[in-house]
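Two complexes, one shared chain (chain A), two partners (chain B, chain C).
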Partner chain A sequence: MLKKFCLSWVFSFVLLGVSFSGYSAGLTVSQIVDKANKVAYYAGQDGMADVHMVITDSQGRKREREFTILRKDVQDGGEQKFYVYFYKPEDVRDMVYMVWKHLGRDDDRWLYLPALDLVRRIAASDKRSSFVGSHFVYEDVSGRGIDEDTHELVSQDDKYYKIKNVPKSKKYVEFAYYYIWIRKDNFMPVKAEYYDSQGKKYRVIEALKVENIQGYPTITEMKASDLNTGGNTVITYNKIQYDINLDDNIFTERFLRKPPLKWIKRK
Partner chain B sequence: MKKIIKFSAEHPKFVVAVLAIALVLSFIQYPKMKVDTDPENMLSKDEFVRVFHNQTKKEFSLYDFIVLGIVNEKNPHGVFNVDTLTKVYNITKGIEKIKGVISYELISPVVKDDIEQAGIGTVRFKWLMPRPPKTEKEALHIRDRMMANPVFYGTIISEDGKALCIYVPIEKKSLSYQISQKIKKIISRYKGDEKYYMTGLPIAEDTFGHEMFVQMAISAPLAGLIIFLLMLMFFKKINLIIAPMIVALVTVIITMGLLIGFGFPVHIMSSMIPIFLIPIAVLSSIHILSEFFEKYRQTGDRKKTIIESINTLFIPMLYAALTTWIGFLSLSFSPIPPVQVFGVFVSTGVMIAWFISMTFIPAYIALINPKTLKNFGALNIESQKSVLDKVLGPVGRIVVSKWKIVLFFTLITFAVSIWGISRIEVNDNPVKWFVKNHPIRIADRVLNAHFGGTYMAYLVMQSEDKQTEIFKRPAMLKYVARLQNYLKQKGDVGKTTSLADVTKKVYMELVGGSKQYYKIPSTKQGVAQCLISFQNSHKPDDLWHFVTPDYSKLNMWVQLTSGDNKNMEKVIHQIDAFVKANPSPYKIKYNWAGLTYVNVAWQNKMVVGMLRNFLGSFIIVFFMMAFLFGSPLRGLISMIPLTVTIVFIYGLLGIVGRDYDMPVAVLSALTLGLSIDFAIHFIQRSRSRYEQTKDWKDTARYTFGGPGRAISRNAIVIAVGFLPLLVAPLVPYQTVGFFMAAIMFTSSLGTFFILPSIITANPALIYVKKEKHFLCYPFDCIFLAVTIVLAVLYVILGYTHIGIKGILAITVPLFIALVCVCKCLLNNEKVCRILNLKKEE
Partner chain C sequence: MKKAVFFIVGFCFFPVYVFAFSIGKDLPAIHGFWETDYGYKIGHDTTKRDDYNLMEQRLQLKARYYPKEFLADWNSEFFFRGDWTVDEYFSGKTDFDLREMYFSFTPNSLMDVKLGRQILTWGTGDYLFINDMFPKDYVSFFAGRDDEYLKQPSDAVRFSFFPKFASIDFVIIPVFEPDTLPKGDRLSFFDPFQRGIAGTNSDRDLLERPHQASNNEYALRIYRNFGSNEAALYYFHGFDKNPCSYKDELNRQLYYERVDVYGASIRGPFCSGIGNIEVGYVNSREDPDGKNRLIANSMFKALAGYTKDLGNDLKVGFQYYYEQKLDYDNYRDNLLPTDYFWDEYRHLVTNRITKLFKNQTVLVSLFTFYSPSDKDGYFRPMVSYDVTDQLKLTLGANVPWGEDYITEFGQMKRNKNVYVRIRYSF
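Right, the complex of A and B next:
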């Protein structure tokens, strides 16, 4: 799941209604993207990981976040549910962020703030806002709508496919287009570069470490860099497990105030 | 020196050749010219205020802003209609693309986030205006959202909804003029009911720099032209008056060449060097020409006449130049680097001008064709009186007969002026360097009437023991909010924004949007969770403009509606008072940053510095006068017109309510240097006459003749020559124009009225020769010793940072030594007699 969680940003463009714009080694763009999606995004029925996040700003000041992510697929290749429990910073411990990801309509999101004893639904007008102050945006985390971009294979070499993605609607996105690089050997997307309307590259996301876990290729360290401000966020994943039979009940409002102790060590 | 003058008259071509080489050498420096229009450079780079300002900017990712105001007075909903907001959208998009604009830090409704209620138990984070509104209803919704946000209200939109601001952060202040021109181009595409205004300190400063050069190219030559025409009126011969013009021009070119050659940038201050040098350079030449004009008819030999004229004038001109030199050199003691540079180079220019006058004028006169001088020179004075004579003659007679009345009026003027000085307010504001109807001044007025203020200052609070997280604590945030409330009540601040406002807003929206929850959560965790929710927005980093990520430092944005220093100072005092009366729950210290504050800092330094410079150079000039006139008392008397002039001019400033600002402060040096000149000429010339005739009435008649004409020609040429500056679009230039006229007018009047009145009271004071050298009188000697000690003290204070002990260690022994010298002199008649004989030679 982890893999799926962290890589969904790359796979959001898959499938439905995508026009094929080229062939390579017998594979269409759609097939490449589809394959990459299968490899990286739908590994296992469910999964979990401990996440350590370090946000570094342009002045080198660091902030840390520590949380556990639980993920469960509702349907393979379809809806997903996420449960994010925060350990750090210390004063947001017990905070929970929950997402029901839908296809074709807005996601459902909940936020639990323990200090205010408050559960709020979050209505999002778009998915490009920051994830807890990091350089990753919500869409990097929960996945960009699969048919929201058009894709074009712009080049390839021995190792990578380079694919250009242009949003079909400019509404609610700050980028004009982005490129992704997909590894040919295991179809793992390892890099994305975002460009603004003036053709200036302003944002890069890259995999720093790819490991094999339970037979699934998994990104265990990745970095988002904001080239405008010079800041970046590095995420490392620990204790990754797939196929752990998460109870569907966990992903309900009831569990926001009472984290599932089987999976969440409250320390 | 006299040999050099003679040499110049005999080898004119050599002099011209040397000058030409100097000119060429100066000219090749000009391509190296660097321009610096940043008033921040008024503080040296390692000055605490400046270091802290830059550190704060970095720490809180703050930038210098150009403020673009968009005002719609015609639509009943102000700017909140489809048309205007569409323009705002397009303009923002256009500005984002300008090079030098930090587009991701732009403050505009188009690129800001909002947090709002979206049904029961639901909050929504969204862009405030991701696209232009399609209906009036949408436009009004945007208005309501902005009005409900304490970060926007009074900063981006005005209370009445009629005005909206876009804050354009720029990479460098020096780009602001250029960027403002590009913004102008963009807004010219969106005409309609809207009016556009641009302001902000960086743009004022940079635009000033730009217009300054335009003014340099207009004002200085214009002043030159008028001086030229006036001289033509007085001396009638074009080929003759070209000489002083050349002296002025060459002096300016060489001085500026030196400045550039030494690698100094042309700063707001140094751009004024030419305008200061022109009158000073012309001064000596007019005296020489005046004298030449008087004598030429009698001799008919131009070489002989010119050498004789210069010799007659040599001592007064030397002292006039030296006093001006001292006046400006004293600026090098100033704590402000550009003022130091200005002082050093103007004083250098003064001496260059003097030297060129001494050499080039005789050379030039030797070179001109004698035929062209045929009708030149003063005609029979008795038969054909000029206008000047018609005025000067009676003045001379009245002053001598009614000297008591003159002195009485002098005393009254002096007293009134002192009262005026007590009313002077020290204040400056770069925006006010522009005239009232300049677009920047208009923008400043309109926008500050609508908004909480476009002048930003930052109050940075930090934990005294470097404790982190204290600004997450509710008690601390409540304290900050109380401080903001207090400032609001005091009414001198337009608006303040702090982390407390952000916390309250997020808390309120999270809890349900009801106004009763517009408050700080009761626990630190509560605050932290509100703030981490805020970071789920599109612009999470906006938080770090208000607090550092470790929550150890808080930055309160303070918007002032006026960039006047006195306004900023008032707010500083209010905060000091509040913190004193209300101790913070955690130990904190605080400091100020922001351009508005930086201006206060350097101006305070300047005022104190200038006052010290002025007193110092006053003492040194006095010392020189005492030597020149052979007695401290005479020195003092010679300085009376100057003192009255200065007191009068500054008193006038106080009475008409003109603020004491940077240009005014700098001009005090010019006043000192120029005003003493007339007194020197008057006393020196009348003394030589008195020695021959021993008759004061005759001496007065003589002095009000030739020397009087020279003095008044000078006064008129310079005063009138600089009058066109009064219509310049930049206020500092107007100030210079006013000062030149005032200095010339008042000090010539002072010289013509006050000096002769005092002399009439007791001619012996000035003229009677003493038996011994003045150093051999106990009072005079001790008095001079005190003056020397003060002068030394002044130089030490100006150039070093030694403490009281060091000062005492130097000055006390010096004083004792000088007293010993005095004692020796007093006991040694022989030396005294020798000294006196030497002096008479």
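Right, the complex of A and C next:
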């Protein structure tokens, strides 16, 4: 039941839905999108990485985020659990953020504040708000629901499929549509461009480095750029490991209060 | 008696021994912050100072160490967090506040132990506590220190068990620690002996229990998830943290009466937000039928809360809190004509609204308490700005108000302040 998934899941590109079917070399759009979803978000049965994030605002000021992220899939292509332990910035050091990602309903999110020994439940309807003040949004982290967009294969060349994605409901998103480029050789989505209702491109996410880790294609460096303000965020993944047999219990209140030292060595 | 004290002192310092023996060569990394606070006071009372009620510097250091030998197989960990302060309110008095110093380990996969000074929190309320009977610092809260200072540490041992059917926390607290409440030096408050709001003229005598096994406190929580919903049962056996009962009226002696608290809570997704309900029954064990006018009555408490994410980093939360004295007729019938008396019911609503701006570096929030039954309330507006990852500026205000001077927020009405804080984290 628990199958493969990968690590680029962490902040990789938006999940793709399956409502429009076109043909391409024997693959329908829905098949391409489904494969890309699993490659980007579901490599291995579980995984971990140390994440370093540099947020640069329009005036060139830099802020840093550093955390370890653990992920485990409940079903391949379905529900997932995330555990995020923060080291930087200093005022959030030792805080823990936990997500149970669901499909078709709001995710469950918790935040543990160590100075207060407080486990707080976070209301989480807006998946398009910024993740830890970066240019990535929550949906980039945990994935966008597979049925939330319609998909159309607009072009392809030797290397990439280019797919246009239109949200079925405009109510909860700031974009009108986005394009996504998926590599033909390994189905890794490597670029996404977001457009507003005037047809203006305002946001780009791109993979800067893709490596093969334990046989899984993995994005190890990626960038989100806000073309309106000029700011961007670059994420680098280190110490990536897949199939590490994470105990299901790690994603519970027990480990919010006492982190799993095997994976999280607090500094 | 002496043995008990010896035991308790030994117990509290156990983590120091572990630390001293195990630290070896590699020193742990030290983190923390330095901050300075200033709270300009609005209003006059008879506390020590009229122009401000907060002016201090604080250095917090924290360090974590994983012993390589001592119980290393048990994922053992030593943690220290302490504050050094210079308090200009008390003419530059220096102090050290040990916030946390504990040793924690996992003897087997079904159990965690945390031993030493620690912060303890549970329950579902936001600034409202029913089953969390652990000590709080309301002086810090009303003076405008950071939220983390609302919780006060306990010297305790916490056992956590994780059998299949539920998780269980069992806490033993051998050293009674009351709430830190206004006592007239920094913040004025209602003192029945002074027949009104009192400052430095307050001369109450608060009696604490001697350290002995029969005065240990015990707290229990059994909790588990049902899908996305979290349910919990609570039990507490100990003392009220607020000195509500009279030992000797003539000598102005108050004390912390024995209470047992039984409670339950549930929290989970509700109407595309998070809903929570918590109830508690407080049994005043020294006055079971409520006839003793000198001892606090048994009570029923309940709260219901709801928070919702409105999008664009805007969140709102509401709470309704209800409190009822359970032997009210007996309480009323036994009062003397000169006694102050309190209503049978208390209703309280709260609202929290927070919004983030500028890539989440600016936080604007307002927390409001309002009690229609007590005709009082409390506004806590706050703006903070992360200038850099290290430097944070905070500007806020504390505005308690009330028609009467004996109610919870009404008695605080002369302590209004506007505060600023600069914090540098490292």
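Observations on the model:
Definition applied: the second predicted complex is superposed on the first by the 246 of 267 C-alpha atoms of A that agree within 3 Å, B and C clash if a C-alpha of one lies under 4 Å from a C-alpha of the other, contacts with A are read in each partner's own complex, and residues count from 1 in each chain.
In this section, contacts are C-beta pairs under 8 Å (C-beta built on N, C-alpha and C of every residue); 3 or more make two chains touch, one makes a residue touch a chain.
All figures in this text were calculated on a predicted structure; none of them were measured in a lab.
Steric overlap between chain B and chain C is present once the structures are superposed on chain A. Of the two partner chains, chain B is the only one touched by A:M95; chain C is not.
Of the two partner chains, chain B and chain C are each touched by A:A124. In the overlay built on the shared chain, the residue A:Q198 is in contact with chain B alone; chain C does not reach it.
Of the two partner chains, chain B is the only one that A:L111 touches; chain C does not reach it. In the superposed pair of complexes, A:N249 makes contact with chain C only, with no contact to chain B. Touch criterion met: A:N228 reaches chain B, while chain C stays clear of it. In the superposed model, A:V54 lies in contact with neither chain B nor chain C. After overlaying the two complexes on the shared chain, residue contacts for A:E64 are found with chain C alone; chain B is out of touch. When the two structures are aligned on the shared chain, A:K265 is found in touch with chain C, with no touch to chain B. Residues common to the contacts of chain A with chain B and with chain C across the two structures: 57, 61, 63, 89, 91, 113, 115-116, 118-119, 121-126, 128-130, 132-134, 172, 231. For chain A in complex with chain C, the residues that touch the partner chain are 55, 57, 61, 63-64, 88-91, 93, 100, 102, 105-106, 108, 113, 115-119, 121-126, 128-130, 132-134, 172, 231, 249, 252-254, 257-258, 261-262, 265-267. Residue ranges of chain A in contact with chain B, taken from their complex: 57-59, 61, 63, 89, 91-92, 95, 111, 113-116, 118-126, 128-134, 138, 171-172, 174, 198, 228-229, 231. Against chain A, the residues of chain B that register as touching in their complex are 58-59, 61, 97, 103-104, 113, 118-119, 121-127, 130-131, 472, 507, 510-511, 521, 523-530, 532-533, 535-541, 543-544, 548-550.
Taken together, the chain C residues at the contact with chain A in this complex read 29, 31, 33, 64, 66, 75, 77, 81, 99, 104, 106, 112, 114, 118-122, 147-148, 150-151, 160, 162, 167, 223, 225, 228, 230, 267, 269, 272-274, 276, 307-313, 315, 359-361, 386, 388-390, 392, 423, 425-426.
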